[in-house]
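The same chain A turns up in both complexes below, where it pairs with chain B and then with chain C.
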Partner chain A sequence: MSDPTHDRPRTWEEGGPERLYVITSGRSVAAEDGPLDVVTLIVTKKDVPGSGMQPEHAAIIHICDYPLSVAEISAYLHLPVSAVTVLLADLLESGHVEARAPIPAASLPDVELLEAVMHGLQNL
Partner chain B sequence: MGAIATAAVAIAAGEAARRGHAIDELRRQSAEREAALHRQLAEQESATVRMAEETLPKAMGRLQQGTPAEEVLRGIDHDSHVGPRFEAANLDVLRYVLRAVEAQEDLRDSAQRAFVNIARRVQAIVHQQAQELREMEDRHGHDAQVFGDLLHLDHRTALIGRLADSIAVLGGARPGRQWQKTIPLFNVLRGAMSRITDYQRVDLHSVAEVGIIGRGVEPLIHAVSELLDNATRYSPPQTRVHLTATEVQSGVAVEIEDAGFGLTDEARVRAERALAQNATSGLDLDDLGEAPRLGLAVVGRLSHTNNFKVALRASAYGGVRVVLIVPPNLLTTTPAPGGALAKAASLPPPRHPAGPWGRRTAPPPVEEPMPAPRGVNGLPQRRRRTRAVAPPVRRPKPAVPTSDSASPVSAAPPPQAGLWLAAFQEGISGEPRAESPAHRRHGLSAEESEQ
Partner chain C sequence: MDSRISEPVLGPRSEDTLPASVTTAVKVVIVGGFGVGKTTLVGAVSEIRPLTTEETMTQAGAGVDDIAGVERKTETTVAMDFGRITLSDELVLYLFGTPGQQRFWFLWNGLFEGALGAVVLIDTRRLEDSFDVMCRLEERGVPFVVAINAFPDAPSYPMSELREAMDIPDTVPLIDCDARSRGSSRDALLTLLRYLHTLTTTPPESR
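Here is the complex of A and B:
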């Protein structure tokens, strides 16, 4: 068969052969509107991946030994944030990970106040 | 008188004898001629039979292998037993037939090429689009609505791609995509799931931890996706389709089991015939018809070129169980051996490369045992402990705590709690005298740290 497109080098080796919708089982939105944000911190609760668990789930459990934000997980797994959110919703439901709300900047104490306390302590 | 009569009789007898001879001669000649004709007829007959049973099929075979008609004609051995005219006529017949067949073959060949060509172009566009869709999915990943729509498009695109792949395979072309590196079987099977309509109904169970070498990846994905498509298509929509892969003596067996209506014996025979179809016969346009036939023809073709063995059996669920055996020459160890995590080839990278994560993995063996019990007790406890140590040190010399707080914690925590209180009260009263042994020790540690 001599067709022109035949021997053209293909750049298909990057990534796996599976598409994202298989990884998320076709879901693009988490079942319940969870509290997940890009900056929500995720920590592993049970470090024992269930048998037959999807590799992506296992990977999240594995890397979240240390609290990671959703954005970080997304970057490490090379998966879009929405896909990660779907996977995290599964894990939250099964109790493998827990989500910690990020510390809002507004709730941090005032810097001046902290300085005043510091100076006060130093003057003791 | 008598003499005359005798002479006449003698002459007559002589004449009769001569004529008898002549007749005998003629008879012999005619018999010979008849025999020769018979022989010739028999030879012509056998030449015709030979032509029908030997020469023509052989010539056809050579023609179908791609030898031009003229060359085939030249290669035919001459039959010297029959007359030149008969032979010439025979050759003419052969030539007409071969030319007609050649024209037909050419037509089919060009049709096949056209099919493959179109399929290739569709494949190229689909590949391009799939890549772009993946980029878009990354780009719009934070917007769930857009992301969902993109996933939908991505799925439909994959279906178009599989149809184009099928046409190319039936046209005798090699698979369009080529994978250079080894891909774990798990990912290959998920790749197969990616290409069917009802992928959500497929349950991917335990998968043998093997890798499929590059050249086997695309055919296997395609064959499994066609089988999965049949399984999901011919079973009730609420039922599940089970996909597993186990190592067996002769390679790896990929099993697809559905809970459909099953196969009648007749249907099974038909399906097996479709699977076993001769792969060298070129594009059969009928194969492009209804779905099961197209799928099975594609699987048959792929199995033939890649030595897959496909068997259809009745399933315990009442449906069909298809077993596809991947030969050992396409198998290798997984590139990332290990637990479930390693099954996803694209995932582990973040753990290995030098990056924030790489740095993070190094400490855990040392650090990990510590945070775990603390997590159970909660943070307040830890704070109390450090507070118990830190203040007495900090009071005499505010600069010390960082170096000191870590080690003494485990050294002598119980006595310090009380001693610290004493030291604190002394500090409050404004008398930093070294009276108690505890105070002395603190003073000492302060001096040590000063040095």
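Here is the complex of A and C:
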């Protein structure tokens, strides 16, 4: 095939299952263990990556100086949210990052919160 | 994108960082068929250039487009674009655009949990795409408003006809929207928020 994208070496397929398997050590986070939502905000607490730390972990610590949502981390690292939540579970356990949980799922949201969102939108 | 994790990971540009004081994040989902303008709407109101998060869907390679006798799996990468609006020093709103077709509903798990609600974006040239979406949202108990993205060459129907044709309940707001316009897209979000406010403050029996 003459497709130019096939000419360069393809050790990893970006986002391919093998790469993701290695990055997460084959782990996944069960829904009931994973309090992380796509909009859970992650902030670095200890800005000193441990030596020998996996590059993906170090990358998260590096970019979360200021709060970033799980979705944003996924976008910047080019990793699916499902893989990012596994990595974040490690970093939460080691205390390198903290999570600011989003509003818990409720049947209907809080009126004050809705008013704050409306107020913010009106000021756009 | 072609970046590798071994290269320095580029985080947000300095002007794209959130205030350190932000404690609360909420999300709204924009749902609709391909090409209906979800990313346009997200981009119109987002303070950051829309970002993309991808999930990989693996399917057994059964189907008509397979070469006979070759067993393979197909990897489909489904991208979801999202944007962000910082509403105050403490509060940030994320907007996710997600495809409405049934085969992408696996993306909805986790996306709609905790979401304030949804904007169903509609193209009047392809109304049929939206029926399943609205049914599905109702099943999941996700409150939504319907916004008609006004494409220049799309047929224009009176709202009442559209509402009837699409079987949209009278209580659900139905609005026109120009997804390219920041003001119009913001108004669509405000319509959703006002609707949610009404739902929250009105006792169920008087709705």
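Methods note: the second predicted complex is superposed on the first by the 80 of 124 C-alpha atoms of A that agree within 3 Å, B and C clash if a C-alpha of one lies under 4 Å from a C-alpha of the other, contacts with A are read in each partner's own complex, and residues count from 1 in each chain.
Just so it is clear, a residue touches a chain if its C-beta (ideal position, glycine included) is under 8 Å from a C-beta of that chain, and two chains touch if they have at least 3 such contacts.
Here the structure is a predicted model, which is why all the values come from computation and not from measurement.
Engineer: Answer with first, second, both or neither: which of chain B and chain C does A:G26 touch in the superposed model?
Structural biologist: So A:G26 only meets chain B here.
Engineer: Go through the superposed model and pick first if A:P55 touches only chain B, second if only chain C, both, or neither.
Structural biologist: both
Engineer: With the two complexes superposed on chain A, say which partner A:E18 touches: chain B (first), chain C (second), both, or neither.
Structural biologist: It touches chain B, and chain C stays clear.
Engineer: Looking at the overlay, does A:V38 come into contact with chain B only (first), chain C only (second), both, or neither?
Structural biologist: Both partners, chain B and chain C.
Engineer: Of the partners chain B and chain C, which touch A:V117 in the superposed model: first, second, both, neither?
Structural biologist: Second partner only, chain C.
Engineer: Figure out whether A:Y66 sits in contact with chain B (first) or chain C (second), or with both, or with neither.
Structural biologist: After superposition on chain A, A:Y66 lies in contact with both partners, chain B and chain C.
Engineer: Go through chain A and flag every residue that touches chain B in one model and chain C in the other.
Structural biologist: Residues 12, 15-17, 20, 23, 38, 55-56, 59, 62-63, 65-66, 72, 74-78, 80-82, 122, which sit in both footprints.
Engineer: Report the residues of chain C in contact with chain A in the complex, numbered from low to high.
Structural biologist: Answer in residue numbers: 1-6, 9-12, 17-20, 22-27, 45, 51-56, 58, 75, 77, 82, 84-88, 91-94, 96, 110-111, 113-114, 116, 141, 143, 182, 186, 189-190, 193-194, 196-197, 199-201.
Engineer: What does chain A use to touch chain C in their complex?
Structural biologist: The contact residues of chain A facing chain C are 12, 14-17, 20, 23, 31, 37-41, 43, 55-56, 59, 62-69, 71-72, 74-78, 80-82, 100, 102-105, 107-111, 113-122, 124.
Engineer: Would you pull the chain B residues touching chain A in the complex into a rising list?
Structural biologist: 113, 116-117, 120-121, 123-124, 127, 130, 134, 137-138, 140-145, 147-148, 151-152, 154-155, 158, 171-174, 176-181, 183, 186-188, 190-191, 193-194, 199-200, 205-206, 217, 221, 339-351, 356-357, 360, 364, 368, 398
Engineer: Could you please specify the touching residues of chain A with respect to chain B in the complex?
Structural biologist: Against chain B, the touching part of chain A is residues 1, 3, 5-6, 10, 12-13, 15-26, 28-29, 38, 49, 52-53, 55-56, 58-59, 62-63, 65-66, 72, 74-83, 85, 122.
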